[in-house]
Amino acid sequence: MSPELARIGHVALETPDLESSLSFFRDAVGLEEVERDGTTVYLRAVDEFDHHSLSLTEADRAGVDHVGWQTVNRESLSEFADQFEKRGVDVTWIEEGTERGQGEAIRFTTPTGHRFEFFAEMEKPEAPEERRSKLKNRAFSSVGSNPIAPRRIDHVQLWDPDATEFSQWLKDELDFQVQEYYDREDGSRWGTFLSACGNKIEAAVIDDEDETHPPALHHIAYKVDSADDLFDAAGAMRERGIPTDGIGQHSISRGKFLYTRDPESDHRIEFNAGGYLVFDPHWEPVAWQESDLEDRQWIGQIESKKRVEY
Amino acid sequence: MSPELARIGHVALETPDLESSLSFFRDAVGLEEVERDGTTVYLRAVDEFDHHSLSLTEADRAGVDHVGWQTVNRESLSEFADQFEKRGVDVTWIEEGTERGQGEAIRFTTPTGHRFEFFAEMEKPEAPEERRSKLKNRAFSSVGSNPIAPRRIDHVQLWDPDATEFSQWLKDELDFQVQEYYDREDGSRWGTFLSACGNKIEAAVIDDEDETHPPALHHIAYKVDSADDLFDAAGAMRERGIPTDGIGQHSISRGKFLYTRDPESDHRIEFNAGGYLVFDPHWEPVAWQESDLEDRQWIGQIESKKRVEY
Amino acid sequence: MSPELARIGHVALETPDLESSLSFFRDAVGLEEVERDGTTVYLRAVDEFDHHSLSLTEADRAGVDHVGWQTVNRESLSEFADQFEKRGVDVTWIEEGTERGQGEAIRFTTPTGHRFEFFAEMEKPEAPEERRSKLKNRAFSSVGSNPIAPRRIDHVQLWDPDATEFSQWLKDELDFQVQEYYDREDGSRWGTFLSACGNKIEAAVIDDEDETHPPALHHIAYKVDSADDLFDAAGAMRERGIPTDGIGQHSISRGKFLYTRDPESDHRIEFNAGGYLVFDPHWEPVAWQESDLEDRQWIGQIESKKRVEY
Amino acid sequence: MSPELARIGHVALETPDLESSLSFFRDAVGLEEVERDGTTVYLRAVDEFDHHSLSLTEADRAGVDHVGWQTVNRESLSEFADQFEKRGVDVTWIEEGTERGQGEAIRFTTPTGHRFEFFAEMEKPEAPEERRSKLKNRAFSSVGSNPIAPRRIDHVQLWDPDATEFSQWLKDELDFQVQEYYDREDGSRWGTFLSACGNKIEAAVIDDEDETHPPALHHIAYKVDSADDLFDAAGAMRERGIPTDGIGQHSISRGKFLYTRDPESDHRIEFNAGGYLVFDPHWEPVAWQESDLEDRQWIGQIESKKRVEY
């Protein structure tokens, strides 16, 4: 039996100014600060019981330290480590608690250069009593929360000049399921939308057309409840003078979106609403051709400005 | 006592292909067809009891025949006619029923060239029995309606190279109230947002920077209930292959919007949600300077595309 | 020319425990505290530029001091005073500033016993700088607001054993427009839904079937943007252990509602979303018969609990 | 390795009047009719690619023929059959296509009397061309759909006087995961909320306090996108004169709901919005005590009617 991933866990970001980025992710976006450890701050969303889904570490420049994935159990973690070593992928073991709240973990670099972490266990610290919800299925009360606070981490979008190779590796070595993909008119693949948990897109892998670019993180998506929440978030960013990058709805995934960026680090958050879930054990990847989307990559896209005379 | 306007009434549009435009406004947008008279079709929205808020007439080219405004009563209509003639504005009287469902009316051209119609009375034909709502405060049942059917006409946006003169005339001669305005850095006025009813913007007058342009209609806005409705409308247009021009929220008026256009005539409809109402008898126009909006004309506006490396 | 009302202004409530009621109206509901004057606190909603739409005064028991209505101008205020005196209604003049932020006013008791105040002018104090919105058409920033903060006062519901007499007086003496009414099967009137501004229901007058009751205030409605907001408000009240009285949609007015009450005083707030507006100068009151609503007074009403066996 | 379930599949209902019930489930609720086979009609929701999530069969009385669950693959189906026979549960094999669109299946009665069906494979018939969506991740276009059409089957609520025994059996024999449960003050269990897929509640098992009742189906829940959709559905039922049983939000599961019933058969549909998903491999069941919910079983619940005098 093969080792198995459970889901996306967290993203570890680097920023040149910790306090400034914290004010974006905590105060503007509405993530909850869980713990500080020197120059690293751990955050989670209001519906998350686990220790963190994001960490911020002060560094020379804005960067991505790693993307973290949870295995279904401790055995799977060891089996992945063994499997990687057989394939010549260097694995570094990280002791329990090195990344706060987290059990033993492994870190490695994928063949095309993405830095990943796998872990099996994570603590579930209770919310501070005054922030705890009477709804026992919520980690935090809505009272006292930032009104636009998103619910939970949803997915990452990763850019890679070798996107096809990277996607294939995610399928072959990590057993990611392809939920959707999009092919250009020349047959080349523009994007592959993969799932570790099997129910929703967790890694959107996009072809970076500039071959000189190293692999990169385009954005981290957090889930919100409704289209209203997207407008509320856009309005709150407007009040704070923080840039936003559009409201609309992707044709791929059907997710409604608002993008916004930490002005300090340019790390981008997507507030994501809607979309669909896969529970079908025989799901066939949704195959988009360029011609399917030539009229519109996303719904609500601006096409032109015209006027009509009397 | 001066003559008084009650509200925006309707817009009379011309199109080179009546059936094609009808399929946009009735089938895609979800207005109800009320009556046909030769080459003119009259439509209204599902919350409208009055005969029509839009008419489509076949013509050589796409154009705007007139924008119709309702006076508070028949006396005001006559008084406006007298007043215009005193000012040298030519007035043409239109007999009752010439425009179907409508009482006597006057037509005239404003000094900067917009064609307006004033009327006092309009019939309120009942919806066909099978389309009538059990909610007696609705004209049409939601059952059998186009799911994205907007509620009622809200406003028009008019472009004019002499926008300042036109706005001034609307205030001086028609007693429009200024609800908001926006001045460029050089002190020139980009837009004036006026109300006939006194509660909401009904005429957005925008400076057309191309001096050679005749005055024109940029769009007609119809009201919908929620942000969800904007996404639903965008999705429905996507299904039909009809162009849309963005989802977002104006800073001015705070209206959330989706724009879409009749592919045949380029006449543009705004689906508009939210915004605010004025009930204050001492409302002071909201005065925007370019510097207030330099970061963003509208909320959700796309600013850039960036990515962060590992 | 008759004196004219512009709109509902405010409600002056009494409570046995000012701090406790303030914690409901300000902290739980999300109104903004504007000013304190001894044992009276003035509040307004986040979209309100005027000084207050609610005041709370400490008193022996929970009560209603008065309901305040704004006249279109200072002349109308005097004319109303003259008119009342001619009709034998005692009028008390209140000096400017006695009720903070407010110009000269008159207070009187309607023939069936409701205590009303009319005023013409109200100050528009700016929000504190840190609470001011970048959107110049909003009084307060959404950042820092209570996430469920309603927008503006909408209407009051008044109960009266002589409801028909009271409604008639509102029409005859104050020129309120009837927007809707509801008649019981025996022909008696259960409710009349009236407007001072002419655009929306501002006074719902309900027949109190207990003849021994003095006239009373059932609730004050504040406007919110969406159905989502109703659920958010209900959830926030749940977190605070504050009672709520249902979510649903009225057939009359089509307003979506959530009711909640100050646990200290039992004063009730309706969070109200949706509904419709009247701009029609020839609006005919919507006439409901009991038979129209016998299936359902409101949408979403609970009818029964049943189950089906295998 | 144990056999494994993938998810809830469908519910097979019986009704005394097929056409009448069809008009509820297809025309009023908005499910799509897929196929007819004599006195059985198969339906699915607009986001469902599989053949059906509901069937209606004409019968002497309203009843539930079975609740269908999908196994992860064909092997699991056989393994379940073997396992049941070892435990003395009678298994009936159903040939491929007997239930239209479905592969081989087994039917059996659980120890407390629920009739279940397990199947591994189901056809995915394309939507008729004119109903197909341009969004390749949707089964049906939103254009032409009933505006309130729900998305996909979500869960069933099953009542049982031996609810504890039934829940235990679901855990032990079928490996259902407990997502939440609720215990009465005397320690007895009122409800257990279980998942076959592991991500969301799919079987809510409720203690029927009347010991003489056979096990029964209380409702089938279908997912909708938003709170707005609940109000739209309630309004549409109002227009059709179809009973509804409340709008609100469960504390357990956090699902927002509207209940409505087929007037012919009393089969109940829940329109369900919101809630949360479990991706955590170490999820601990949410343990509700009666004292946690004594103030409110659901949010928006009506508590009283009070009024305050002047």
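Every chain is named by a letter (A, B, C and D) in the order it is written, and numbering of its residues begins at 1.
The rule is short, and it goes like this: a residue touches a chain if its C-beta (ideal position, glycine included) is under 8 Å from a C-beta of that chain, and two chains touch if they have at least 3 such contacts.
Not measured: the values here are computed from a predicted model.
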Given chain A and chain B, the chains that contact each of them: C, D
Distance-maximising chain from chain B - centres being C-alpha averages: D
Intercentroid distance (Cα basis), chain D paired with chain B, Å: 45
Intercentroid distance (Cα basis), chain C paired with chain B, Å: 31
Residue numbers of chain C (touch at least two other chains): 134-135, 225-228, 235, 238, 241, 251, 274
Chain A residues touching chain D - in the complex, by the definition given at the top: 1, 6-7, 47, 49-50, 70-73, 121, 124, 134-138, 151, 180, 197, 199, 225-227, 251-254, 274, 276-277, 279-282, 284, 286-288, 292
Residue ranges of chain C touching chain D (in the complex, touch as defined): 13, 62-66, 113-115, 159, 208, 213-218, 226-228, 230-231, 234-235, 238, 241, 243-249, 251, 256, 258, 261, 265-268, 274, 295-296, 299-310
In the complex with chain A, residue positions of chain C that touch it: 133-135, 141-143, 145-147, 225-226, 228-229, 232, 235-236, 238-241
